[in-house]
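Lettered A, B, C, D, E and F in written order, each chain numbered from 1.
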């Protein structure tokens, strides 16, 4: 019955549907392996966040990407 | 003053504006009826999630819909 | 398959287990009635928040309760 | 290491990238000033919510905006 | 830079610190393997939820556990 | 009408009620200054997270604190 929310950068950096499926499968298996949680009721939601809307170190990821 | 967040599948499965309004009204009334919470300060946010980004039973909802 | 998160004040203002059960049942029925969502996979999580940790109007709920 | 999530109305009311950058910088500085939190590991995520999907006082923000 | 939130039942069902560490390590490795995300900035937060506060199928997990 | 959620480490590292009040006031003022948001309807929720339950760099904050 666990609920998992994964937030990662979207847009050009967004994962493909295959990669998303791999994340969903992987985290569901992890919860089964470590805590014996039932995969049938494990819920996973992936949020793709625009790099303008994600900040770290006091600046947006958009700005950080430019500086590299 | 309660805060409610409702996540449901979007895209083709997204609710209409009328259905969203009904959810907002319904959950606000529920909190007033059960806990006497003030409707004026009850906040509700609805997130529509792409079926690729929602997993249950270790696979995405997109995959599950195909199998039916 | 909807996911609902309800945040409300805890401590002395916390709902009883019966009231929580009523919220869970009520919001699950609302999603079934309005959007025909399957109750078996509707997940509801209630968070009880300390009044020191909840702010509105720029001050904590603890402060607001004192002023009344 | 704090994590901050800011939800505000999007669409026509969405902040500009400059305003978002100002929010990210401002909240990161606030956490450093008040709690001495390391800005390098402070994470901020801004969610823009459609006015149809945001409810207060039992009705959507879209409806409230019309009434004014 | 991903952010992951895992919610699971707490109290008697709460994971041990070792199990939590295994979840944190496992999900961080998964994001590195699938999406090449930097583990150093991957943040994971685990929330333990009381069984009274978690609902599925229209009833609390506390109630469901009794029926078995 | 913005909603802000701040997650930070709790337990021995938890902020005092005064510090929490300062965070609530500060973030509410920031949203008013940058986006002209109405402070009366700005909601702030602070979550204090146990260091066992917070991971970064693939390990819990509890582990990281020991290594210093």
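Here is the rule we go by: a contact is a pair of C-beta atoms (placed from the backbone, for glycine too) under 8 Å apart; a residue touches a chain by one contact, two chains touch by 3 or more.
To keep track of the chains, here are their UniProt names: A, B, C, D, E, F = Tautomerase.
Note that this is a predicted model, so its numbers are computed, not measured.
In this assembly, E is the chain whose CA centroid lies farthest from the centroid of subunit D (Tautomerase).
One rotation lays the C-alpha atoms of subunit E (Tautomerase) on subunit F (Tautomerase), and its angle is 120 degrees to the nearest 5. The interface formed by C-F recurs in E-F: of the pairs listed in E-F, B-C or D-E, only this one shares over half of its residue-numbered contact pairs with it. The greater number of contacting C-beta pairs, out of the two interfaces A-E and B-F, is seen for A-E. Per-chain Cα centroids separate subunit A (Tautomerase) from subunit D (Tautomerase) by 20 Å. If each chain is reduced to the centroid of its CA atoms, subunit D (Tautomerase) and subunit F (Tautomerase) end up 14 Å from each other. Distance between subunit A (Tautomerase) and subunit C (Tautomerase), defined via averaged C-alpha coordinates, is recorded as 26 Å. Contact with two or more other chains is made by residues 1, 3, 7, 23, 41, 43, 45, 54, 56 of subunit F (Tautomerase). Taken as a contact graph, the chains fit none of the simple arrangements: neither line, ring, star nor complete graph.
Those chain pairs judged to touch are A-B, A-C, A-D, A-E, B-C, B-D, B-F, C-E, C-F, D-E, D-F, E-F. Residues of subunit D (Tautomerase) that touch subunit F (Tautomerase) in their complex: 1-9, 15, 19, 22-23, 26-27, 30-31, 33-35, 37, 41, 54, 56, 61.
By the touch criterion stated above, subunit B (Tautomerase) contacts subunit D (Tautomerase) in their complex at residues 17, 20-21, 23-25, 28-29, 39-48.
Taken in their complex, subunit F (Tautomerase) has these residues touching subunit E (Tautomerase): 7, 49, 52-60, 62-63. Across the interface of their complex, subunit A (Tautomerase) is touched by residues 1, 3, 41, 43, 45 of subunit C (Tautomerase).
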